[in-house]
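Just so it is clear, A, B, C and D label the chains in written order, and each chain counts residues from 1 on its own.
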């Protein structure tokens, strides 16, 4: 699924390009939109007392972007284990890759790390379904 | 009372200066240090279920700053009314004013707007004491 | 003219609401979109060596917002003088005002403060036109 | 070398902990201080037309931190190749690891990727020296 982010002036830095830390935020933005579209918005998760912290984040910067660029972010479910989901991101501007990334997430139910299936079977099925679509 | 903030690379923008929105954050940083020094840290306030939202913020930008500059922020209590405290900020780099600002704060006890004296008489006395020091 | 910003997770704070400093960024976002729509994008201005720093910013926080809220930002040209333009912002969520703001801007041509008309007569006319529309 | 960052209120999020994207900024803060201490500040590099973009960043989040926590960041030079330097970061609060990270940097001289030794032999020697100290 593809989401877009238009780079804002306040996201650029002294080198006149998008500051690298912001791509980590764009990843969250795209992931959050993805979850909302498939029916598991953060809001719904919060209501069910599910918290899903980021435990690992990795980004490779291929080409700089700057103010006004529209970054298209392709979000994919890469891996689903008992306790951890890995999401991957490919970011392009006008078809050219500018950044690739990955984030890993665990799930807490009432504050304790829990198997995703136990936290919410539907959520687990959804991750599996999208993982297979990407094969 | 004076607090210092060293401008970071990620706080600059495409114009190669500190992005103006960050001064609002520096004001919070200085205010938070001030409250901690006088014994009313946000943490203590949170423990007493006191929440103090910003209801108004104003900044005037006099001179740009950039990466590596050390901004000295002089925090003063400007006004204390029943329900609202006004804090003022004078920011200088090597003695030259770069930005002046003001923020207004109300106080919520258990979620409801409350007279500061009622929320915590010691807090009210402290604000009055520092206000007079500035006269 | 109205622009929208959906509040992101990374824009919220420990109080579980949108951090107040971010509204200053939303104002820039809306202003930048406005200028782009009327044909004077920052990019075009940069190409013409026009720089327009913020010299004053003011915001009043009426009601908190949080993750997922869509903030509609109504941008208006409030005042146009020789050297300074004042832009005003009314931000609403589902029709209810959450924040109002104002920003003042001067114009530098090749690094020196210059009358807007001299910097670019078309830009000056545009500001006047939108100012009158709001009367 | 160890650097400290006190977590600010504006760096926390709705989950009431430090937002994960900010650790990437703390890494930059520590790296920038490290370079300044060893005589190769960004400012000096800029003056010599050396630009050093981040090409890869990786962080593992072990334990959450929040407002008021003082994060000690231990910066080490991990690898030095012809064209790329890898810096590693171990972040602790009161001795407990909260986050570990790594960043990779290349070097541009007058806009082109260049061998570090060619960019500045002293810079290359400094990286090697600190790399060995960590063995």
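Rule of thumb we're sticking to: a residue touches a chain if its C-beta (ideal position, glycine included) is under 8 Å from a C-beta of that chain, and two chains touch if they have at least 3 such contacts.
Everything quoted here is computed from the prediction, not taken from an experiment.
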Of all other chains, the one whose Cα centre sits farthest from chain D = C
Tell me which of A-B and B-C has more C-beta pairs in contact.
-> B-C
Separation of mean Cα positions, chain C and chain A [Å, integer] | 29
The distance between the C-alpha centres of chain A and chain B, rounded to whole Å, is 34
Roughly how far is chain B from chain C, going centre to centre by Cα mean, in whole Å?
-> 24
Per-residue multi-chain contacts in chain B, two or more chains | 9-10, 21, 25, 28, 67
Where on chain C does chain A make contact in their complex?
-> 8-10, 25, 28-29, 32, 41-43, 67-68
Tell me, which parts of chain B touch chain A in their complex?
-> 9-10, 12-14, 16, 19, 21, 66-67
Can you check the complex and tell me which residues of chain C touch chain B?
-> 15, 20-22, 24-25, 28, 51, 53-61, 64
